[in-house]
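Two complexes follow with chain A in common, the first pairing it with chain B and the second with chain C.
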Partner chain A sequence: MTAPANTVVRTGRDGDDLLVAVRDLKKHFPIREGALQKVVGHIKAVDGVSFDIRRGETVGLVGESGCGKTTLGRVVSGLTEPTDGGVYFGLGGEERRKLDTLLEVQSPDRTDEQSEALSALDANHRVDVMVGDAFDHYRRNCQVVFQESFASLNPRQLIKDIVGRPLRVHREASGSDLTERVVELLEQVGLGRQHLFRYPHQFSGGQRQRISIARALALDPELVILDEPTSALDVSVQAQILNLLHELQQERNLAYLFITHDLSVVRHMADRIVVMYVGKVAEAGPTQTIFERPEHPYTDALLASSPDMKESAQDLQALEGAIPDPALPPQGCRFHTRCPVATPACGWEVDDIVRWLEDEEGMFDELRDVERKSPFEAALSFRSEDAANRLAAALRSDAVPDAMRSAIEDLNTTGTDTRIRFTAVDEVQLTLRSEDHVAACVLNRGTSTEPS
Partner chain B sequence: MVDVPAGPAPARITDSAWRVRTRRGGELLMSLLKNPTTVAGLVFIVLLLGMAIFAPLIAEPNTPDAYQMPRDWGALAVPPGSPGHILGTTNVGGDVLYGVVWGARTSLRLSVIVVSLTVLIGVTVGSIAGFRGGKVDEILMRIVDVFLSIPELIFALAIAAVLGPSFRNIILALAVVFWVKYARIMRAQIIHVKENEYVDAARVIGDSPLRIYLKDILPNSITPVVVQATLDMGNIVLVGATLSFIGLSEAGIAEWGVLVSEGQSGISAGRWWSSTFPGMMVFLWALGFNLFGDGLRDVLDPKTESTR
Partner chain C sequence: MSLIDGIGPEAAPRARPAVASVKDLRVHFRSKVGVVHAVDGVSFDIGDGETLGLVGETGCGKSVTARSFLDLVPMPPGIKAGGAIEFRPHHTCPSCDGAGCETCDDSGRQAEPCDSCNGGGCEGCGHTGQRTIDLLEISEKDLQTIRGNRIAMIFQDPGKALNPALPIGEQVAEVFFQHRADDLLADAGASDGTEALGGALIQRKAGLKTSRIEDFLLSLPPLRGQRTKLMAAVQTRVAEALAETQIPNPRKVMDRYPHELSGGMRQRVMIAQAIACDPDLLIADEPTTALDVTVQARILELIRDLQQRHRTSVLYISHDLSLVKEVCDRVAVMYAGRIVESAATSSIFTDPHHPYTQGLLAAIPSANHERGRLVAIPGNVPELIDPPAACRFAGRCPYEAPACTAHDPLATTITANHEVACFIHHAPAGDEERPTWDRKVR
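For the complex of A and B:
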């Protein structure tokens, strides 16, 4: 049903500047219930995401809170093990092409030879399985700056020990040499020798974030994952930290994975932007393209909700409604429940009716049971015939969105039951819209060039 | 200098880690001494410990075993102020002053051994449970629950009774009873502390789990254990004296509970001294450590620390 994830999702150009390749990454957290802690479902925090990070570039990972962006960052940084798929570090251009060719074949269809080749690549490059030198190389070259600068610094350690710790762990320096290296790092982030023997609580939020950055840079990494590094700071301090990050990137040819909920923060930083929605990539492409010619209505909504963008996006509607439950992601396009331009082909389903009933006065209490045949077909039984008829009438009127009404294939009411069937729709896949620009939307705005 | 942090005093370049840490320790002590009840507790503790340490100077040690009460069969139940027996004697001729002074040593021995043992066991079990989680945690905590469901004194009494009356068995019984609290506290602390981002930061650096435990988790979760240990220094002597009073340690040793027990039968006959003085010692010991422990809790509380 699903197309091989890597044929269309890849956004990076071919080349030898690849640093990280994320391939069909999934992270599902089990939901446990009851005394026996039985698994009753999974929160699909990250549900099949692929993208590349090249050397020296900034990738902005954008989405609302709860969309899985932080989880994705944690998996890329090796803090969380993926459920499926992988994060590949330090692949050469040739190896990347080899990997993508191999991954195009689904695992049961792989020949022994192909499986072996894949295992060899995994052992050297896949973050969650690599060991020894490969892991050491990755650990040195991938560092993280967290959102909460206070929580990310051990309150009982002195700044010298905090910033010098990576050097000590990897046996790069000790004694007075270590102190000098720490001073050097502190100076690079705008602090100095006088701050060596202080505790984190003696600093302001912005300064603590500088300390975090100094620690992340200690091992001279190639990639730094920035998880909302400025969202806990005042606006003026935010700008200082962003400038610092930008300068450091210029000096050291760092690659950033910049995770944020605010598009305006990454506008001037990011080379490319990946927009995530409920565990999936909604749209990805070069920053300029995303801002000027967004292809996904969700990107429109994010642009509209960002205060800086208001003037340029006056005609765009801000986002309404809540983000769907990632344990039960919507069918088709995951955004169809909140989309202002949804079509009948967007994946209307039984749950949309349940959601509609929840908002309708007195109707949800009448609902007794939903017997699903598939996500698109079910029998809803009510406590009274009246309620069943009211639902049927509503579904034929403009009380529900036009697109939803048009997606209904079959609707009949017998007694207290309402049977309903929607057009079954596959998950909407990412398609190429212009160079290096993909979006997962059934609509095509036609502003794009033909895929080559 | 635009970026000067709002620290207490501008740090000099000549600062060293050692100096900063001593300064911090000094600040801690100063804030402890601001509270009069804490100071009172500290005074009691210092006096009682002084008595324990200088016991041989105050009352000449009995031979061959200094922890055995000397018996003066020629002066049974003499009142305080009698020649040679400033605080009087018990019905069996034990010198009350000797019992009070050497009893402080016995109490110190008891509380230090029991607290060290229980902290060691409790912190280890609690750390494993909290750090590992899952099934291991589940099993260890159910065992702890079983221990906690039995009242302290009755549980200790039962164990000491089964093992037979001796001072060593009282130590064992108290250790068996008191470790569970530390396991509980430590587990809760670790579960809370290990969620902090500095633990993730240490993992990203590539530090080993053991060093993360020793550097990041343990120092940030040990404070409530220290406070509880201070309170237990008092509680253990109280429970230990109770067990001795009931007769679960060897007869005739210089121990406050034994002394109270020896004087018990004489109280109705007006011979108040042989129970009152050792009883007061138990009271002062427990009070001192409780007052000091409370003060310590106020000062060390992580919430007040982070907003300072």
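For the complex of A and C:
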């Protein structure tokens, strides 16, 4: 599969303030089955994602649960090793340009010289291969605040030890000096000396989240990954935490990767937004652009189904269907199975027919076998001729979406078999819509420049 | 006596009495350090066919209030410390079959007449002439005929509320066996019970009361036919109930186990279970909190649609103000075991009168707020152990005055259908200084 360079969310400005560069990142989890635990497939949690995080900015990562946003956060924070691609930390502007040129060449085509240059860059900047001082530097400068503050604080440790741990590990402080540093940190997040000798269970949810933030800030990092930091909190406490995060960002020029499913929070906090859908970026761009001129129908759907996004009390726009299985992501555009404006070019495939049969009374039980030549071409054999004819009739009628019907190139029924061929399409790539704004949709709303 | 009587017929004359009225409900919990006043004098009415939203932060007592309806609060440590929950059971109007006609005031539902006065109006039914049951007083056996039948509940996490060891179909069927045994027997054509042994057994089977030996007897040839008919009747009803919640291919879903379904589908099954007996009151306790925004939108749409078609009254509990705005006719805001404000949804959101409600609304992040300038309510929710007779919001309130810590504000009607418990709007008992909007303390 190709990894075109234009999938990168490019910065409008010069790239010298770059902090993290994520390039074609993939994380696949094996599915094991049977007594021998044979690998039968892969959950493609993150499947080719590229974006940048600049110093002092907040990047919001939004999507439904299961779209891979938490996995992406874990890979960026180095807690999970990527399957392919890389997270590059602390690249200078010059190095970034060099890296992008090198990555444009596919690995088999690289000259020895290019491979060497790339591995030199990797050793110093790629999170999963870097060692020694470079890794130490990265660890200090990238911290995480987790969603479940109760699960991420050791219940058997005192607050003093929890917040002081990073300082101790990195040999920054010890003894009474350490205690003073911890007090300083606690005061920054609105707690105080009186909380030093308490256990996590003695605090409320909001206070525990403050402790998590204090711990993350202990080593004065450049990047903090916030994985749903306020979703377990009440709205009034959430407001306190969001204000605190903003204050700290102003003081310390922190960069945030803000992972959330709450659009009103992300609109409030983020400078740029990356919308993920089934392991891929659906749309990315500046917050205002995403909210005012979304280019991807999935972004539309997210905005429409969020009740606080609307001023008037019009009906919620609900999205049909369920999020597809990330082990077998749909062809073409991954959103075409639920898309209200899908076109014939969106990647209609045999699986769409199988899914349709599942929901149809009595049809799925009639299906005996599906013989695939490709994702777009297959022969479905049924137990009875009647069922085969019913399917063929349905595919020619209004029972299926218009776009799906138009995408059928060939359809013929012989006896109990139905042969179907759809127009084969490639995966939809991100295209530039306006400055710093990319979307992966075959449609172009014409509100901005032509795709590059 | 009651604090929020005014919402009821007295304040705004309503043709029909409320389907349920909570009067000065107090539920306390015994703990090591003292008695926690989790719900402390809550009163509200749920009108017939109305959706009432109960909002508040974690620990304000909204779930305990809802669970008290069906005696789901564990006792001990819970204590019923007082009050009453009056419930007036209804049934579908026989003359129009729910479509709405003259006899039922176009509501499609009719209240059952009071036992002692037969509709005339007496002391026992609060002069409404309708059968009135105090849910806190009746026996467990009587409550079982109401629970799941006249009042149903949808829980927050469908993954936990459904039995993981039973297929979906069996779980939904339980509702019918429990409350609609007679209908099932009629469907199966076994209602007359002519055969002495077989009739009795099949009736017991329909009520899920058979022992193992009886089950064995039913599986033998002479009775097997009847059992099969009964099971087929149940299956049909279950499939209908599931189809009602727009579950595709319900007959297939019936054989699945909860873990095979997505969160949204599980919540649909819960809703199917809840509305199976066409209840008068549906209690939805944060039904969409565990779901994604896109799924949430569909579930809300479904609840709203079902409510309109069945004309069920809904008590909708949520911590999310923006959701409540979408679904509710009227909203009651709870804080620390009390209702601080209640009004029609539009007036709560456009014209909040209580400082706490104002704080909650201001804390929702929106495009209008500059970053870092969200108005957070300072401090934490107070401990509810033996609270003093004072405003519960004093200490966090920006307008606090001496009167707030000396007296307990009672809910008072400000404008028609708008109630607030705050001294800014009404005078305290003593002559202490009152809070005003002009003076901001914090």
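Just so it is clear, the second predicted complex is superposed on the first by the 430 of 452 C-alpha atoms of A that agree within 3 Å, B and C clash if a C-alpha of one lies under 4 Å from a C-alpha of the other, contacts with A are read in each partner's own complex, and residues count from 1 in each chain.
In this section, contacts are C-beta pairs under 8 Å (C-beta built on N, C-alpha and C of every residue); 3 or more make two chains touch, one makes a residue touch a chain.
Since the structure is predicted, the reported quantities are computational estimates derived from the model, not experimental observations.
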item: Partner chain(s) touched by A:238 [first = chain B, second = chain C, both, neither]; value: second
item: First (chain B), second (chain C), both or neither touched by A:359; value: second
item: Touched partner set for A:246, first chain B, second chain C, both or neither; value: second
item: Contacts of A:204 with chain B and chain C, given as first, second, both or neither; value: both
item: Touched partner set for A:302, first chain B, second chain C, both or neither; value: second
item: Overlap of the chain B and chain C footprints on chain A, listed as residue numbers; value: 204
item: Sites on chain A touched by chain B in the complex; value: 74, 77-79, 136, 139-140, 142-144, 146-148, 150-158, 160-161, 165-166, 169-170, 190-191, 193-199, 201-204, 207, 212, 215, 219
item: Residues of chain B defined as touching chain A within the complex; value: 3, 5-8, 10-13, 15-17, 19-20, 24, 196-198, 200-207, 211, 215-216, 219-220, 305-306, 308
item: Touching residues (chain side chain A, partner chain C) in the complex; value: 64-65, 204-206, 234-240, 242-243, 246-247, 250, 261, 263-265, 267-269, 291, 301-302, 304-308, 313, 315-319, 322-323, 358-361, 364
item: For the chain C and chain A complex, residues of the former touching the latter; value: 57-58, 248-249, 251-252, 262, 264-265, 292-298, 300-301, 319-323, 325-326, 359-360, 362-367, 369, 371-377, 380
